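Next up: the structures, one after another.
Here come two complexes built around subunit A, the first alongside subunit B, the second alongside subunit C.
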Partner chain A sequence: MTVKQMDPASLNGWVDGLLLNRTVIGPVQKGDKFVFESLSRASDLRLDYDTTLLPPKKFLLPSREILLTFRGDSHYASQAPPDPFVLLGVHPYDVAAIRQMDRVFSEKQVDTHYMARRGACTLVALDAQAVSPNNFAGCMGTATVREGWDLLFSRVGGAYLAEAATEKGESLLRSAGLLADAAPGQLEERDRLWESNRQAMRRHVLHCSPQDLPGLLSRNYDHPLWQERAERCFSCGACNVVCPTCYCFDVQDEVDWSLECGSRCRAWDGCLLRDFASVAGGHNFRRHSAERYRHRYYRKAKYLPEMTGEIACVGCGRCVDACVARTANPVEVYNTLLGD
Partner chain B sequence: MEGTLDSPARTSGGGDIYLPRPATLLSVSAMTASDAFFELALDGPEDLGHLPGQFVEVSVPGMGEAPISVCSSPTRKGSFQMLVRRIGSVTQALHRKSPGDKVGIRGPFGTSFPMEGELKGKNLLFVAGGIGLAPLRSAIQYALDRRGDFGRIAILAGTRSAAERLFTGELLEWKRRNDLTLLETVDQPSPGWAGQVGLITGLFGMLRLEPGPWAALVCGPPVMYRFVLRELRRLQVPSREVHVSLERRMKCGVGKCGHCQINGLYVCQQGPVFRAGDLFDLKEAL
Partner chain C sequence: MPRPRVAIFDFAGCEGCQLQIVNLEEALLDLLRVVDVVEWREAMSEQSDVFDIAVVEGAITRLEDEERLKRIRQKAPVLVALGSCASSGGLNKLKNRMAMSEARRLVYGRDGGVSRLDTAPVKAVSEVVKVDYLVRGCPIDRREFSYVVRCLALGREPFIPGYPVCVECRIRENACRWQEGEICLGPLTRAGCGAACPAQGAACLGCRGTCDDANLEGMASVLAQYGKSREELESRLAVFLDPDGKGVSHA
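On to the complex of A and B.
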């Protein structure tokens, strides 16, 4: 489909129109930060956000969700599928992370809960207009993305360019009415925006190619760095919570007052938390915080890449923002291992 | 890796991988102070369809799910068996159940001892530490039910005390058979126990392995493996012929939740049965 253009006021009008009959989730201001939230009006949107406290994964893999309900000892029922919604204003690095989660939950044994939400979601990406202080997506190849979205908005000059990649995206954009095609000059400007984002999203500079990371980690399992950096780690799991590619979960039952009915819920879990690898009886297979700390980086840059071919870090920098102990910066970890 | 399950994990209704199938407890009996033995069958015509060494997620509504290995052989149709140690909230709830009560079952999950594959025709050495006898029992029963498919069979079993011995009736039967060797030990001397005392590694010295292709099937507490593997090396059983079943926190059973990882491997998918030789590079394994 040809790229269209839209001025900011019409974009807001279009979003208000969407809000008449569906949920739209987008970035809004909260204190001096930004969060993804269900919108009540388009004027709350902050499309100039730099990054959000939590990634948009919470709308696809909620921090707590009911998997099934039960009644008595033998009646289980799956949870009903969600209503359609629009996830608007997702930066490219977060789009890349969602693509990785799509693979996790769709391959081999399909997770119908995630996939139902994903299917109900129209993903509207947005090229970043501001760069957060710890973003290194430019080093991870995720400052811009050419796939994974239904619709992509890019701010060039006083206008937004809109490009649809799927039928879902096209149909959503059709509801904006007739739009003018983007001018060749605007497309060139979009190319320059992409290049500029690739350069700007290097607030920390990784001294190797992401493809070198699995090999780098293979050689450094017993490096003293794991112990040293873990000594500052509080095992709080904040890096897990804010990470757009972390998807580990725990499952717990909740019973209602009748003790007859209840629900089986899944909730985010984090591999940095002390009991993540504990089994019944108390044996903990990752008892030391250094083992858990190392596991996180190995999972991101070795274990998952060996399965999927992609580094499970998109360089959003949220873990660096969230770590009160200032020990969660992946670039520092990798550069130290590189000897730099 | 061991041969993985060919068929996708079985689930009921709508393809929801987290939805258990109802099953009914046929019998419940105490085996030790903390272990109970369950026989159960899925409601409906289906067999569980498991392979020796696989596990299921057992669901008790309101308590949750626990990964439990199936301790009976698939050669014995119609029902299946589990040995459950009372150790967490789900297993405590299971211990309170009676025949006729319902539980939920997901699975079977994971890899199995390749009884119909490469183990066929070999001599089998089973090494069971404590509750590790439960998953091995599915393979032992299988080998005894298809006795002609295997060569010599030797079983080494150890528990902490005589009171913790499991499947004592079956141990007695095995002891009386002349087509297998059973050696038992208990860690601490116990009243009424006239047998061997000491760690399971002490049994290896009493073992005379006839020449021939031996394979070992090993399951026990985490601390046991490195010492048993050393004994097996001494007996010149190649590490590719050593099949170990490992415990981890298999929460979801379907390779998603992340809890059971040993380095990069998901125990619920690429295990719980591993070839020992494949684990030597995995520092978190043993």
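On to the complex of A and C.
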């Protein structure tokens, strides 16, 4: 499909039209930060946001969700499939993270709850118009992405360019009515925006290629850095919670006052939390904070890449933003291991 | 299955945690279907010496209270400490920072010398008798209390978070109080409240006690990074996490 153009007012009008018959989730302001939220009107959208407190994963893998409800007579019912929704304004690094989550939840054991939400979602990406203070997506190759979205918006001068990559995206864009094709000059401007974002999203500069990270970690399991940096770590899991590629969860059953009926809930868990690696019998595989601190980086940049070929960090910088102790900066960790 | 008999007792405190139970409102009727409340001074006149679960609210501040608590424990197969005062001594422990004569004078003025107003350093319930379960918070969280009651009725171990408040605070996308220039005890405090105070724009005061392995030492470097003093931190720790100034306890 050819790239189309849309002025900002038409884009808002189009979103208001979508809101008449479906849920649209997009970035809105909260205090002096931004969050993804279900919109009530297009004028609340802040497409100029730099980043959000939580990544959009909260709409695909909710922080807490009921997997099934049960009754005492061994009857149980799975949750109803979600209604279709539009996830609008997702920055490229978050699109890259969602692609990684898609693989986690669809390979081998298919997670029906995640995949149902993913199937119901039309993913509308947006090239970033502002760069958050700790973003290093440019170093991770995720400042721009050419796949993973249904529709991509890019702000070029006074207009938005819209490019559909899937039937879902095309169909959504068709609902905007007849749109003019993007002019060649606008496409060149979009190329320049991409190049500019690749350069700007380097608030922290990684001194090696992401592909070198698994090898770097292999050589540094006993490096003193793990203990030193963990001494400031509260094991509070903020880095896990705000991470767009963290997908670990815990499952608990809860009963209501009948003591017979209830629900099976899953909730986000995080490898920095002490009980994460506790097992039956009371043993904990990572009892000490430094072991958990180290594990997070090994998981992101060695264990998962060895299985999937991709570093499980997209450089969004949210962990750096969220860490009260300022000890969660991955670029600082890797550069220190590099001896820089 | 017979309903477990529950007796609710109160010691030194504001009775706000018992009030939270009353505030269950409609759910109180559900609760009464699950347990048989045989004694509860705040809400009924009946008394009983026979119960399966004793719920104890408040801190222990007098020697005769210690004796009363020990008698309750002897009769109770299971004992639950309710709220911050019972769990850790709570605000009452601020008294322990001064001489008892000074505490009497501050509270009762000229009458402070009267012998019946005699008082002792404040203790948490667990400093006097064995406690089986803690329902923390100032006040307690009604949902958590209800959950613990259902677990006890089922003979199931309740799952209470061991991790810090920050987990719940980040999930709610609250503004971080540290980044707003305040000292927040969320990183040291046990979650389970849903980060209720930061969600209202107030720093965590630590009413649920310390989380597992609270990293107080790590707080020192954080203070420096945010330009805060040790004294500012200690004045906040004094409220719940280190009320008697003996160091952060791990209740």
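Annotations
By our rule, the second predicted complex is superposed on the first by the 339 of 340 C-alpha atoms of A that agree within 3 Å, B and C clash if a C-alpha of one lies under 4 Å from a C-alpha of the other, contacts with A are read in each partner's own complex, and residues count from 1 in each chain.
Please note the rule applied: contacts are C-beta pairs under 8 Å (C-beta built on N, C-alpha and C of every residue); 3 or more make two chains touch, one makes a residue touch a chain.
Note that the structure is a prediction, hence the values are computed from the model and not measured.
Of the two partner chains placed by superposition, only subunit C is touched by A:238; subunit B is not. When both complexes are overlaid on chain A, the residue A:299 reaches subunit B alone and has no touch with subunit C. After overlaying the two complexes on the shared chain, residue contacts for A:180 are found with neither subunit B nor subunit C. By the touch criterion defined above, A:259 lies against subunit B and subunit C together after alignment on the C-alpha atoms of chain A. When the shared chain is aligned, no partner comes close enough to touch A:205: not subunit B, not subunit C. Shared contact residues of subunit A, touching subunit B in one structure and subunit C in the other: 252, 255, 259. Interface of subunit A with subunit C (complex): residues 30-33, 35, 53-54, 63, 231-238, 241-242, 252, 254-257, 259, 268, 270, 273-275, 289, 322, 324-326.
Residues 67-68, 70, 72-76, 78, 104-105, 108-113, 221, 247-253, 255, 259, 262, 264, 266, 269, 271, 276-281, 283, 285-286, 291, 295, 298-299, 302-304, 306-307 of subunit A are the ones touching subunit B in the complex. Interface residues of subunit C, counted against subunit A in their complex, comprise 27, 30-31, 33-34, 146-147, 150, 153-154, 159, 162-164, 166-167, 170-171, 173, 175-176, 178, 184, 186-188, 212-215, 217-218, 221-222, 225. Put simply, subunit B touches subunit A in their complex at residues 8-9, 13-20, 22, 43, 59-66, 85, 87-88, 91, 101-104, 222, 247-249, 251-252, 254-259, 261-264, 269, 283-284.
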